[in-house]
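In order of appearance the chains are A, B, C, D, E and F, and numbering begins at 1 in each one.
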Amino acid sequence: MQYGLLVMGAPYSTVSPHSALRFAHAIIARGHCLAGVFFYHDGVHNASSLMAPPQDELNMCQAWVELHQQHEVALDVCIAAALRRGLMSESEAQRHGKQAFNVAPPFELTGLGQLLELQQRSDRFITFA
Amino acid sequence: MQYGLLVMGAPYSTVSPHSALRFAHAIIARGHCLAGVFFYHDGVHNASSLMAPPQDELNMCQAWVELHQQHEVALDVCIAAALRRGLMSESEAQRHGKQAFNVAPPFELTGLGQLLELQQRSDRFITFA
Amino acid sequence: MILHILTKAPYSSVAQQMQQAIGEADAVLLVEEGVTAALSPSWTAWKAYHSRIYILAEDLLARGLNGIAEANELPVIGMDEFVTLTEKYAQTVTWY
Amino acid sequence: MILHILTKAPYSSVAQQMQQAIGEADAVLLVEEGVTAALSPSWTAWKAYHSRIYILAEDLLARGLNGIAEANELPVIGMDEFVTLTEKYAQTVTWY
Amino acid sequence: MAQSDTLLVVIRHAPHSTNLLREGLDAALVAAAFGQSVHLLFMGQGILALLEEQGSGAPGQKATLPTIEMLEMYDIDQLMVPTKDLHAMHLSHHQLIEGVTLLAPEDVPTLLQQHTQILTF
Amino acid sequence: MAQSDTLLVVIRHAPHSTNLLREGLDAALVAAAFGQSVHLLFMGQGILALLEEQGSGAPGQKATLPTIEMLEMYDIDQLMVPTKDLHAMHLSHHQLIEGVTLLAPEDVPTLLQQHTQILTF
């Protein structure tokens, strides 16, 4: 079956990204396909390339990148929620006249349409918040 | 009297930074001194120079900077809480091998000792979370 | 003497924790979600802390609850009086 | 048929909202803070949704509540069975 | 009533507390803009979004009511509230904006069953 | 008992839910490292931090118990729990780590009054 996940909690603030990541690995291990993870609300912080947790804590951004590399899971981030909260890609940084960016591929800033599209093409759609 | 504030909520996620900012202006208008604002927990997101809210919403980072410029209020950010959540200054970015940074003066990354010091030297200490 | 600042709804577990901690000389200020207590005139805290419990006007207005607070004759104060409360009460504890 | 996923404590307003929304063929999975329901064998949901309510083992263990869940003979399931539940129930609703 | 391509958005958070209300309404509006049929269920503190007399919040905070009033332009005309939640908040029907449908307790699970796509905020 | 320079840290959040518990304990440890006397009050779900049998969470999540056990090394030996909260959680004293002091309902306001410095997490 095809799964889609919605993540709405920030790492190091809530535990929901941890739950989502464990669940992602469990469905893939079962042989299902994880079509994509959409990050919305405070979940956009998962995409921050600047996070630097202590050595003995998981780097959640890196963990999502590895999930993408191993299983080709799309990592879409709501652009409106992200910009508000200080998350930007290189092209958005240029557009907003900022000197830096903290969202890089495989994370993609995208509209809410992608969330609805993911939900519609997934057989199972699960929210972690 | 001398006031100190502790802010533990992120802008655009909770309303507590808005409450803190209004209160800050109210105590200054009354003639009190606001010694400093300490940002801890999700409050560290207030310091993000990359936030780009829509035109009709307040840029909270900018609002704190203006408070500092007008009234010399120290803006201290807990470094451990910040690094975890993807907030770094230029020097921390160098130390962690990151290509970008999103915390700039007048915000200062500092230890929790500053929080306790602020609480001890303030006649009134109020938490917004 | 402590000023307790409640930011959550009156029937939340946070509000219950606060109510356990309120001393006889303490005061209570309802802000943010706490102002929804205006909808519950039967909330025990109204009676228990009578004459030392307040609602923040700005947060009431934002939520459209000012008319209800007025009808229920609740003690609404402005941001300026919030400052006055912090002058009077040396300690504050925020319940969030 | 819906799988309701509760992430908050059993006596929270969130849990009450969930309980209003549960249909006769639905199931309930307790995760994160929801697993603290293991401490409350008298929680009405245990009886109301008997044989279709589950607790996630990993989250119980993290909080040191696995012994209590075992003593109360509660239906503990692993991450793998969480996946099975989502296979069986086409819809999920997360209460957070 | 088959509603297989109708999205149900459940709003449970109040205006001016978290951003979840606004972000939930945004999801509803975008779905409608994409041509999807959208129903809204307001529970608990979420009902406060339907109060007729809301103002804006602190300086720079957007008011919610204009967004609620925009829903109709996007053909989102099913705004539902469980009667039980309304009473628990000590509110009555006439304090809400027009066009809100009240749900009896048994209608809430039924509503959820009727939708194959649900988002909770 | 004058405790004018003693910090009271109130912990109300459970392990593995938000980071508030960890960041509250960090504040307590730093205060103690700076030579300040620190008392801890655990309320509501915060009491779960004192359970004897906690594990670690999902991969990469730190366990809380080692931090709790570190408190004593920093001379933080006043760990207090309201009896009412303990019972509300259906827990008993012997399920908690050693050295926890139970507070009667009337002792909770008194405890707060005795401290001029309070932080709630």
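Just so it is clear, a contact is a pair of C-beta atoms (placed from the backbone, for glycine too) under 8 Å apart; a residue touches a chain by one contact, two chains touch by 3 or more.
Predicted model, so just to flag it, every value in this text is computed and none were measured.
Visitor: Hop across touching chains from subunit A and tell me the fewest hops that reach subunit E.
Guide: The least step count works out to 1.
Visitor: Between C-D and D-F, name the chain pair that shares the greater number of C-beta pairs in contact.
Guide: Spelling it out, more C-beta pairs touch across D-F than across the other pair.
Visitor: Can you tell me which chain lies farthest from subunit B, using the average of the Cα atoms as each chain's centre?
Guide: D
Visitor: If we define chain centres by averaging CA atoms, which chain lands farthest from subunit F? Would you check?
Guide: So the chain farthest away from subunit F turns out to be E.
Visitor: Taking the mean of the C-alpha atoms as each chain's centre, how many Å separate subunit B from subunit C?
Guide: That pair's centroid distance is 25 Å.
Visitor: Cα centroid separation between subunit A and subunit F, in whole Å?
Guide: The mean C-alpha positions of subunit A and subunit F differ by 34 Å.
Visitor: Compute the distance, rounded to whole Å, between the mean C-alpha positions of subunit B and subunit F.
Guide: Each chain reduced to its C-alpha mean, subunit B and subunit F end up 26 Å apart.
Visitor: Roughly how far is subunit E from subunit F, going centre to centre by Cα mean, in whole Å?
Guide: So the centroids are 39 Å from each other.
Visitor: Residues of subunit D that touch two or more other chains: which are they?
Guide: In subunit D, residues 9, 13, 32, 58-59, 90, 93-94, 96 touch at least two other chains, as defined above.
Visitor: Mark out which residues of subunit A touch at least two other chains, giving numbers and ranges.
Guide: 12-13, 15, 19, 22, 41, 57, 80, 84, 125, 127, 129
Visitor: Counting only residues that touch at least 2 other chains, which ones in subunit E make the list?
Guide: Counting only residues that touch two or more other chains, subunit E contributes 16-17, 19, 45, 57-58, 61, 120.
Visitor: Spell out all pairs of chains that touch, sorted by label.
Guide: A-B, A-D, A-E, A-F, B-C, B-E, B-F, C-D, C-E, C-F, D-E, D-F
Visitor: Enumerate the contact residues on subunit B facing subunit C in the complex.
Guide: Residues in contact with subunit C: 1, 3, 8-9, 15-16, 19, 22-23, 26-27, 30, 32, 123-129.
Visitor: Under the stated contact criterion, what part of subunit B meets subunit A in this complex?
Guide: Residues 10-13, 41-42, 45, 48-54, 57, 61, 80, 83-88, 92-93, 96, 98-102 of subunit B touch subunit A in their complex.
Visitor: Under the stated contact criterion, what part of subunit D meets subunit C in this complex?
Guide: For subunit D paired with subunit C, touching residues are 9, 11-13.
Visitor: Any idea which subunit F residues touch subunit A in the complex?
Guide: 16-19, 57-62
Visitor: Can you list the residues on subunit A that touch subunit F in the complex?
Guide: Where subunit A meets subunit F, its residues are 12-15, 18-19, 21-22, 56-58, 60, 63.
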